[in-house]
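This structure is in structure tokens; I'll ask about it shortly.
For reference, chains read A, B, C and D in written order, and residue numbers begin at 1 within each chain.
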Amino acid sequence: MHDALPSASRDLDLDGDTLREECGVFGIFGHPDAAAITALGLHALQHRGQEAAGIVTFDGARFHAERKLGLVGDSFSSREVIERLTGANAIGHVRYSTTGETVMRNVQPLFAELDAGGFAVAHNGNLTNGLTLRRELIREGAICQSTTDTEVILHLLARSRKPRIVERFLDAIRALEGAFALVCLSNKKLIGARDPYGIRPLVIGELDGRYILASETCALDIIGARFVRDVENGEVVVITEGGIESLRPFPAVPERPCVFEYIYFARPDSIVNGKSVYEARKNLGAQLAAESPAEVDVVVPVPDSGVPAAIGYAQAACVPFEMGIIRNHYVGRTFIQPTQSVRELGVRMKHSANRGVIAGKRIVLIDDSLVRGTTSVKIVRMMREAGAKEVHFRIASPPIKHPDFYGIDTPEREKLLAATHDLEAMRAYIGADSLAFLSIDGLYRALGFAGRNAERPQFTDHCFTGEYPTGLTDLGIETPKRLSILAEAD
Amino acid sequence: MHDALPSASRDLDLDGDTLREECGVFGIFGHPDAAAITALGLHALQHRGQEAAGIVTFDGARFHAERKLGLVGDSFSSREVIERLTGANAIGHVRYSTTGETVMRNVQPLFAELDAGGFAVAHNGNLTNGLTLRRELIREGAICQSTTDTEVILHLLARSRKPRIVERFLDAIRALEGAFALVCLSNKKLIGARDPYGIRPLVIGELDGRYILASETCALDIIGARFVRDVENGEVVVITEGGIESLRPFPAVPERPCVFEYIYFARPDSIVNGKSVYEARKNLGAQLAAESPAEVDVVVPVPDSGVPAAIGYAQAACVPFEMGIIRNHYVGRTFIQPTQSVRELGVRMKHSANRGVIAGKRIVLIDDSLVRGTTSVKIVRMMREAGAKEVHFRIASPPIKHPDFYGIDTPEREKLLAATHDLEAMRAYIGADSLAFLSIDGLYRALGFAGRNAERPQFTDHCFTGEYPTGLTDLGIETPKRLSILAEAD
Amino acid sequence: MHDALPSASRDLDLDGDTLREECGVFGIFGHPDAAAITALGLHALQHRGQEAAGIVTFDGARFHAERKLGLVGDSFSSREVIERLTGANAIGHVRYSTTGETVMRNVQPLFAELDAGGFAVAHNGNLTNGLTLRRELIREGAICQSTTDTEVILHLLARSRKPRIVERFLDAIRALEGAFALVCLSNKKLIGARDPYGIRPLVIGELDGRYILASETCALDIIGARFVRDVENGEVVVITEGGIESLRPFPAVPERPCVFEYIYFARPDSIVNGKSVYEARKNLGAQLAAESPAEVDVVVPVPDSGVPAAIGYAQAACVPFEMGIIRNHYVGRTFIQPTQSVRELGVRMKHSANRGVIAGKRIVLIDDSLVRGTTSVKIVRMMREAGAKEVHFRIASPPIKHPDFYGIDTPEREKLLAATHDLEAMRAYIGADSLAFLSIDGLYRALGFAGRNAERPQFTDHCFTGEYPTGLTDLGIETPKRLSILAEAD
Amino acid sequence: MHDALPSASRDLDLDGDTLREECGVFGIFGHPDAAAITALGLHALQHRGQEAAGIVTFDGARFHAERKLGLVGDSFSSREVIERLTGANAIGHVRYSTTGETVMRNVQPLFAELDAGGFAVAHNGNLTNGLTLRRELIREGAICQSTTDTEVILHLLARSRKPRIVERFLDAIRALEGAFALVCLSNKKLIGARDPYGIRPLVIGELDGRYILASETCALDIIGARFVRDVENGEVVVITEGGIESLRPFPAVPERPCVFEYIYFARPDSIVNGKSVYEARKNLGAQLAAESPAEVDVVVPVPDSGVPAAIGYAQAACVPFEMGIIRNHYVGRTFIQPTQSVRELGVRMKHSANRGVIAGKRIVLIDDSLVRGTTSVKIVRMMREAGAKEVHFRIASPPIKHPDFYGIDTPEREKLLAATHDLEAMRAYIGADSLAFLSIDGLYRALGFAGRNAERPQFTDHCFTGEYPTGLTDLGIETPKRLSILAEAD
């Protein structure tokens, strides 16, 4: 279910000119500092979602929850908050809000008090039949309290007639279509699950003999935990005091992880499906240098996400790498420009030209991807105003022509620059002296393959190719009138 | 379901020495200022619940909600809040929290998005089979988001197989046992309902041709609305654009409204079931003067609730009425004493002796009822310290010996002074020179009857007599372990 | 200095139709619970000012301050706040804001770090040469941080060349003109002072051997302290560990306390200058009954301030006293009506008719004073709508024709109804069947004198007579342009 | 005046292991969007102070102020705040709090209402006779409301007997000793001033014909303003509607700007005293590579401040530059670790190892400076845990052996690692395989000089050399007992 409703998050993005991951998930079982460790893990996953964060713990008798809008470091840094979250088992979530407005009732983990005890769920991904399932459930008398697709998982679980919680969970996820990396907590178990294609990532770690689940390995590193292995595509892992058990509730299919984790989403120091993200990005840059060289004096990254590809490009091209654009990290994603006339100053809130490096030089700008192009326009203009002699633009991924339905917040198709412009038109729009994208086979080569396997693509790459690995059941369904109540001042 | 969990409200009551109503309800259909009028109506009903307030509106397409802890005047006085609550139909609620901790998720009106559209419910009263119903619903797969008994009404409605919303509502309320005055809002209807005995009050009003439902007539007076009639016991009224329709889903039984509305809860300027509350209280005082005269110089009310009975007593006894105790209204119910040594100052936070009226006099104190007696002890002591020569105490209702299960927050039985002490022991405990209560027949006489009809009591008077009009299904059921998550900082 | 700037407080008063005292002060020396006791004392004085409250303590090494907008019970009820206010010596203040906008920087007590140590001051009253002094001080290089007249006292103290703090304080107050009851705290002393005429009240109390200063005796009663005596007009009392010392820095003049303390401001249970306020008000009512009887069925007070006078009137006139108007105390002074159409509902937010008492009756309404008359208009109309046959209005004080400059917030002269209308015009405006005020000699008689001593009036009664006891130096001075910065989000 | 009081800011720094600038200043004269532009300028200067920010405007009649704790982007991004700051003239300030606790009353700009009108001042730097001046002023009757040294400037101004505001300002600053870059606003003028040595920077810009003052050129770039020139050392510039006037109130001395602006404080894209900061840092790295080469496989910066020097080092040494440490920017400076056991995880909150780049490699880490060394210890350990074969450490500045008194927040001398350890002891403490610092002459060479001029050092470099350019009058003076009151909830 891709939700087209306007959300607060879009206001925060000055131009709507980035892709955004919805979520990061984390869980730990049996550790005395479960809540504090979960807060740290979520902090390391903050790049996956900055709108809201939540933690649910279980202390042997009761579940406790804290769910807040804003950054983990702001919401979960105080002693009082962590002390309210008693218990040795915990799961947590950071989020953007593609489905459901960002109001407190949508902040995850979601929780239900079942017959058999409590059950909490944290979800990274997006269901492509969430709306359809929701309608069926409501028709059968379910009362939904959130507007997220995640809640249907709880209702499916509550309605399963199976006696044991794990069986009920398998009943529930078998009904799902789309992308899901789930971390769940029951009275006695920590459960992890990945959809049949393994679209969104999930790894298993270990700290002092206790198991951890996390979206990325960087969430293990922050706490000094050991990386054990990835949860595999289509796998369910059940962690109890007795150890870890692996279940395979789905028919086996080859994995097809989302290629955007390498291009943009995952943190550069993470290892995703066995590959270093930083090395992958450097390779994308090096491949791009081989495919589309430029006669320039300096290689300049669009910070921060373009830095690794730019280093790769510069090393491959033997051209100096320079920080020609300075990023103001204090802006966060929360600065709202005060007046209209000031709004026109635009991208300079976040980026500024490092004039000494740019003036009189031929430069090549390296960015990870191109979405709407609005930021690129401003950056090219800024480079020219800073005295660049030539401004070449290189994108370390192929043109994005199709929307995502698996948990990445893409603009509508008509706002994707590459969906409506050819290469020359894009170059002219951006104002660069030249523009080039990485080829689709170059993408696969940089990631260690001979090229894209057209029969069985090694990655989920629908944004470039339009090939979606799963059904898209909700696609024809009109977005529902929002009958649900709006939450009060959050 | 009487909830024994500690609640914030009890901390706010210095001594736990008052009875408290849980709720007031209000609704209006078809008025352009629906939300603002509902806020005013709730403000007039504030005496029925000060912990939280909520309003839900429907604007023809969407429902909007604002639910807040604190007073109506603080939460619903700003233009922005009222402007968010668009729509011509609205219901509202003020509450205490006998069932369910006071956290945002429990603040009413509660809302569900049903198959057929949204449905909001505001409830005054308490179900005596709420816990039992809740368990059955969870066993069948329902997910409860609040810990109130009111939520079961929504689930019953959602699960009804009937096609039309009113039929589903009737299905739901036929399953209920206990006391309920409900005001509900669907896409097209404003619905009011009173339990078969009419334990809690509910009236119909009219403003500029639009219908209103409210707990008391004082909520009509504040907006200049006309009183139409009481909703009758066991009646359901359905208000639509076409007018008002009356349904009778229960077998007919004689009404038996709660007598405490006259003694303490309702506002003195309200007309409850056709009787002026102020006049009723003056009659209770006059009857008390006839039954238990006192040789005194002045009659002193325990303010504010004892004032009308004291006026009645004074007029009947031909003794001067004087404000011998001054109440500090600024204390509200929110003052928390800062230190232990200060806490011992006790009742003086709220009441102080008006020395000039007391010193050297024989006085009779008039209070509306006696619960634990802790406040009475302090007040008698305060009177003596202020120089009273004699202090007589008269209570304008019979001794309270039994707990309530219909929406009044009574202490456990063993903390009710009259449940464990005889008259002389109570007098000695309080430290008065004499003590007298109104007789049970005197109570009925003051309210216009020849006496209590033992066969068919005209009022619900179980706190005095132990005779409960309904079954008490939940009574034997142990309070559940709270598996449900605690809400975050409210 | 009378400040004509709009202030938040006026918005809070629905009609600007009350008089308001600016302040209450409190201090205690040498008590382990100094801050908590001061909070309680201020709570008892809350009727003297509800906009802001502050406490300053000294712990032997440092001063600590907490100054907050809002009620004492909201700001000073938490353990943490009181625990931050360490030390055995404390002073406190509650305020309205006639001079200076209500922003944090104006909330008292004000504090200065002098050469000799810290000095804090809390002021009840108003200086009539505050603006003049302020200008001189600024001309000499003083930097004012507040916009209150009280700050000039600190600057005068700081600039005195005298070596000892008490001498510097006497230097400072000798320069003042107008009304002041001061409570001050230095490193070693608690100081109280009253202006030469004793316009505003100040009393000395004692608790467990420690001295207390307070605006009214009700602040002693709340903590069980003993009333010692009034600070006399023109007296300075200096409290140290060695006891209490009395100084007389001014030429002796007869006392002339403000008569409005009896009519309206002081709490009914206070003893002001040896007279019970409650008895005084009953006498005003009785005298009014003698001067201006009415042929009526019931006497109805305008609650709450009209209650004692109405009891006095009713007893003198042998007519039943009834609560014909019910006041909603939850409204506090903070309710802001949400929409224009709702605003027209006006006075009903606070008052409502008790129809059963009014309908078909001839009534006399008793109010303490008449300012603009706007509330009276609404109340008379409300009585008629409730069915009153005749509505007579009696005011238990003379007509207010002149503004105050001593700490009472009166409207400008042209908005005082009695300044611009004769009796019949006022009656017609209010819509009453008859209207009468207490005579000026009746006022003095009710307060125990044979009448007003025209040579040497026993009270400050300028609002009725236009005779101001002090110079009014600032009167001709134009209100300054506000160059001072506005405080940030309060 | 170096203030040894604990401040909130130190808690926010995990290890106290950075140097921190106190402040950034900004001003604009005659622009319709003065407040919004000032907010943007302060946002660009946010790296100079993150604890608090303030803006004062003048609208021709009144001054307006907003002063807030926290980031500019959080405090000054809303329309309402900017709209309250009316007027075409504005000054602003961002700050740390070396002098004075961080409470609202210390947040700049400070303001005084003088005889002649209002005057606001924003100060970057630190006075070395501030405490001495403060004592004299208090002795003469001044009342200080803040605990900052900046307030003495206002008092000196207020007490000057000169008739015109500029003359009074010159009187005031002639009394100062230490470092100051001031931006001030009077009714008619925007004034900038730099101390005789020009220790802290200040530049003049121009936007649409209106003059701007700012700490760094990056604050001009963000709004597209043109750089005009630096305010010179010892210069006062007075901006009015008539243009800009330059005054020279001090005896001429050669400039001696603080060398730390190049090493660490200024933003890399700023031009300070005519030199590009980014180029200067690259030169420091290149000079370091020449002086202290290392046999390594990769050059790794300690991000973010070590990045330019590392690029310079890598280019000079012809060794690949790699992002071997990933910085989590979300942590900001506000994350407080929740529990003790979690606290031991330390530096990983902010930095994590990029394992793929480190494992099996010989690396050289480049940092800008070494203060306490605690972060370096953790980073070296982190590199070893990530598999580095050798870890060499190079510091792109000389050893810091002396505290600063001019507005940089240095730890006490005994906590400066280089003040108490020789090179080998430092290496051993940090755990690196080798350690080297840039030489003092290398520092000057990298900045364009043949070496340090020992007679007349071209920079203020006391932290390395112990040579302070100004007197240090306050040095012997004991820090005062804090008699001043603590502010309430900020």
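To be clear about the criterion, a contact is a pair of C-beta atoms (placed from the backbone, for glycine too) under 8 Å apart; a residue touches a chain by one contact, two chains touch by 3 or more.
Predicted model only: the values in this text are computed from it and were never measured.
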{"item": "Chains contacting each of subunit B and subunit C, listed by label", "value": "none"}
{"item": "Pair sharing more residue contacts (C-beta pairs) when A-D is set against A-B", "value": "A-D"}
{"item": "Centre-to-centre distance between subunit D and subunit B (centres being mean Cα positions), rounded to whole Å", "value": "62"}
{"item": "Subunit A-subunit B separation of Cα centroids, rounded to whole Å", "value": "50"}
{"item": "Approximate Å spacing (C-alpha centroids) for the pair subunit A, subunit D", "value": "36"}
{"item": "Of all residues in subunit B, the ones touching two or more other chains", "value": "none"}
{"item": "Chain contact graph, described as a line, ring, star, complete graph or other shape", "value": "ring"}
{"item": "Every chain pair in contact, whichever chains are involved", "value": "A-B, A-D, B-C, C-D"}
{"item": "Of all residues in subunit A, those that touch subunit D in their complex", "value": "33, 35-37, 39-40, 43-44, 46-47, 50, 71-74, 76-79, 81-82, 218, 221-224, 267-269, 271, 276, 278-279, 304, 307-308, 311, 315, 320-323, 326, 328-332, 334-339, 341-342, 345, 348-349, 352-357"}
{"item": "Contact footprint of subunit C on subunit D as seen in their complex", "value": "56, 61-68, 84, 104, 111-115, 117-118, 120, 138-139, 141-145, 154-155, 158-160, 187, 481-489"}
